[in-house]
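Contents: one structure, followed by commentary.
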Amino acid sequence: MSDSSMTPSMRILGGRREWSRWRRDIPWLTPLLLAAPLLLYMAVFYAIPVVSMLLRSLNDPKWSLDHYAALPSDVVFLKVLWITLSTSFIVTLATLMLAYPVALALSRARSTAPLILIVVLLPFWTSVLVRTYAWMVLLGRHGMINEALMALGIIEQPLRLLNTTLATEIAMVHILLPYMILPIANALRQIDPSLALASSGLGATPWGTFRQVTFPLSMPGVAAGMLLVFVLALGFYITPAMVGGSRDITLSMLIAQEVDQLHWGYAATLSTLLLAVALGLVAIAQLLPGVGNTFRTSK
Amino acid sequence: MGERSITTINRRRAVGLITAGLAAPFVSRWAGAQPAWPEQTAVPDILKGSGEVRIATWGGALQQAEQKAYFEPFEKLTGIKVRALPGADQAKVKAMVETGNVEWDIVQLSNGSIMNLMKSGDYFERIDYSLIDDGVGKEYRSEYGLEMLVWASVMAYRTDAFNGAAPASWADFWDVGKFPGSRALYGIGSEHPELEFALMAAGVPADKLYPLDVDKALASYEKIRKSVTKWWTTGAQPPQMLTDREVVMTTVWNGRMAALQEQGVPATICWNQGVARRDGWGVPKGAKNKANAMKFVAYSTMAIPQARFALSIPYGPVNEGSFKYIPPERMALLPSAPEIKKQLIQYDYDWWIANQDMAVAKFNKWLLA
Amino acid sequence: MKEASGRSALPMGDGCLRGASVSLSDLERSYGGVAAVAGVSLDIQSGEFLTLLGPSGSGKTTTLMMIAGFQAPSKGDIAIDGVSVVDTPPYRRNIGMVFQNYALFPHLTVAENIAFPLKQRRVPKVERARLVAEALELMHLPGYGGRYPRQLSGGQQQRVAVARALVFKPRLLLMDEPLGALDKQLRENLQLEMRRLHAELGITFIYVTHDQEEALTMSDRIVVMNDGKVAQVGRPEDLYDRPCNRFVASFIGESNFLPAVVRGLENDMVVAECGGVLLRAATSQRLAIGAEITLATRPERLRFAEQLAESDAINRIAVTVTESVFAGERCRYLLKTENGAAMVLKEVSSATVRRRDVGDRVEIAWSVADTIIV
């Protein structure tokens, strides 16, 4: 009886000693264990699906590189890839232009910051359906913008705004703005306020201070925001379908079509390519000077 | 064999959500205006049972109609519980059967999807025709699927757009001089671009459409390209665009139009030269409640349930016996009603199964050119 | 402010520039009704090393920020060389400034940091490089130009900050607790270096600190600030020997305070009673008999009475030793007078001096000249 009751406690004691030794000898053990739940989650819900997708691009219907070999000669794919990339690029630049001043205001505001934040986050809290509807109501042939312009006598005939590439871009920018504003505002807020004072005291005009101090120091946020927005823009699907023009066909739409046609191997190939483009961009961004720190903790 | 197969109506996963949302206001309006419905009071003992049957539907208005026409009376009369699961999709059937994790006993698909899947493997159970009502026409029966509704892809236009003139054919749709204004057609993402319409517009007679001359269809499309404001991707878009006066004419799935007319939007369907298509039930291979599934398939295609369904949503019944339960004004909205059926072209599922990849590839390429 | 001087970039170390004179008149700055600086008037001489000393919240940094132009006064005027600058933005004031945390631009190298003010003044590239090299030399940092601030130690960063503030030859240098973040040893070295720079350059330094020792060591004059007001202005020894109020007496150095009542007046001398003991102090004030006053003395100026001969120039009082602490160069005694007032006495430690024990009843004495009425 006493033997059996002693054994477990001794085991625990020994286990504890061993545990501290492991912790001492393997410095990454504790962080690894802390991250374990997330790692497990990612393995089950991300890594496994991604790997199975990769496999499908290679082994559906048989093991070969045929799907990849077909890509360069698939005109539809090349065209759609180009449309997707160029749309994402334009949207990213436009988002940056609009987001930076807002981020600047957000980072400098004190009492009004929560209000600005709510306005910035509004797109997050609005369903895709409502947002899309709103754009239709605004941009339609008989929508608010056209009606207003006609009422003011600025135009005679309604402008074609809805169902154009411009409409896609406007709607995408609207949805993606928070992803650009928040990282930039965060980067701006982390800049030591005395740097701007120092710059001014050393003779830099307000514009000079922005150009030489504030903007360069916000680069990690700008890079993170651009990366985030670009990568998200690559995957857009509903917005171009609903408000876009006849040539606003994104890679995601093409993938969905291939899935529906049961061309799963080719769909997986296209998806892998989309993933590769996104990962490639992250890698390139890491190499840019001043941006490499984006995903690194500062000392 | 008279079986005609076609790929699924392209109800896409993500966009489906929007579709359901946009359709919602129309559905509730329609539900308020029901004529007296026939009631079935008994079923043959052979259809009775226990346990449950899990049915994958397309959700939204269609599922609501199915709920009242099929699910509720079926539960009451047979003792079998129905669990309706929105999100029917041929790709999911493929995945479920391949992984052995079959969560559906019945799935609503086009017979084309069923045929398509059966081309590459064994994904469906054989339908038990010993249970099926005699009133179900031969053309709706195939080995692995039983069609249970008829819908149509047709032309719709705003009645206030042309000073009383009414377009009556695809030639009129293509005639921008006579009928000025923006058009919408089914576009990218489509697995069945509307090549039939383009060919009829180019003068190909309705009975000589198949096999489709894809290049000729694209040449015909090219003529109207500049007037097409929108190449739509989801079924909710055409009625929306008609309501918003974004277009004056569009192609549309007939079920979407009835609700629009209920709302008083001055728009109507031109049945002439429309294409009749069908949806059916399939029982995925390895379905856990296969026996109950067969009983449900049999019940839902009986005359009265079919009539109830057609009264709830304007899709045509497949049972000859159903029409006697349906008032004439309702018959004017149903694609399988004799007066309308004769104006429609029957979609050639076999041609599409065989040529879909080529046709879609050419269409995509043309659209992006 | 003379715009022209801001555009000229004189090389460093080519003889003395005349420092700027600064004059603050009735300067006020309030935040939402609360005055951070309330009516400060000061005249700072050309070439002076002036320190603003005070506890946190005393308004010293706010005053400095107003001189630099980073904050606008709510009231009052700031003139540099007789010209009001309140409407001149900071980038046109041509004032060198060193921040507490150095405020070096982390994305620029040391050389780029130092070149920054020259670049703003459109100094040609070649000239810039020469001036930067000279500044690095002056601050004992040659060879560090290519490094980034984060690669330098705190002391080195501090030197870069000073080099950057001086490279464009300002005639006024402002420093906001520039040594606050450094350890004691380094701080003392840099204090000397600041003095050296001040002597070499001849420009005006305005220095902010809360460290009284630092202020006493470095300054020509000290402005003691409290609650947004100037408590006292004077040379370090004046402030130490003649604090004009209790705040200054306790903030600069340590003081013993004895409450007393005026009993007699003789010439410039006051005789006051503290718990039955008569104490003397010099005064120029006119005090009435019976007035309640506080007498202050410095702990290191107290002696145990047997060391001193009886004299009119000596105040004596009987005390009990309540605590005795040996602190290396000094012994520190906590004492209690008969009427309960606590006092501190510091004595230079020596093997020949007898240590007092807790409980010892002794007499202490100090010079009347070291007795201040506050």
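By written order: A, B and C. Residues from 1 in each chain.
Simple rule for what comes next: contacts are C-beta pairs under 8 Å (C-beta built on N, C-alpha and C of every residue); 3 or more make two chains touch, one makes a residue touch a chain.
Quick caveat, the model's predicted, so the values are computed rather than measured.
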> Any idea which two chains share the most contacting C-beta pairs?
Replying inline: A-B
>> Mean of the CA atoms for each chain, then the mean for all of them together: which chain is nearest?
In response: A
> Relative to subunit B, which chain has the most distant C-alpha mean position?
Replying inline: C
>> Based only on mean CA positions, could you tell me how far subunit B sits from subunit C in angstrom?
In response: 89
> Approximately how many whole Å separate the CA-defined centres of subunit A and subunit C?
Replying inline: 53
>> Based only on mean CA positions, could you tell me how far subunit A sits from subunit B in angstrom?
In response: 37
>> Using the touch definition from the top, which residues of subunit A touch two or more other chains?
In response: none
> Which subunit C residues qualify as touching subunit A in the complex?
Replying inline: 6, 68-70, 89-97, 99-101, 103, 105-107, 116-117, 120-121, 150, 164-165, 168
> If you look only at subunit A, which of its residues touch subunit C in the complex?
Replying inline: 192, 194-195, 197-206, 208, 212-213, 216-217, 290, 299
>> Can you tell me which positions in subunit B touch subunit A when the two form their complex?
In response: 7-8, 10, 12-15, 17-18, 21-22, 90-91, 94, 116-117, 120, 182, 187-191, 225, 228-231, 233-234, 237, 240, 244-246, 356-357, 360-361, 364-365, 367-368
> For subunit A, which residues are in contact with subunit B within the complex?
Replying inline: 61, 75-76, 79-80, 83, 128-129, 132, 136, 140-143, 160, 162-163, 237-238, 241-242, 246-247, 249, 253-254, 256-257, 259-264
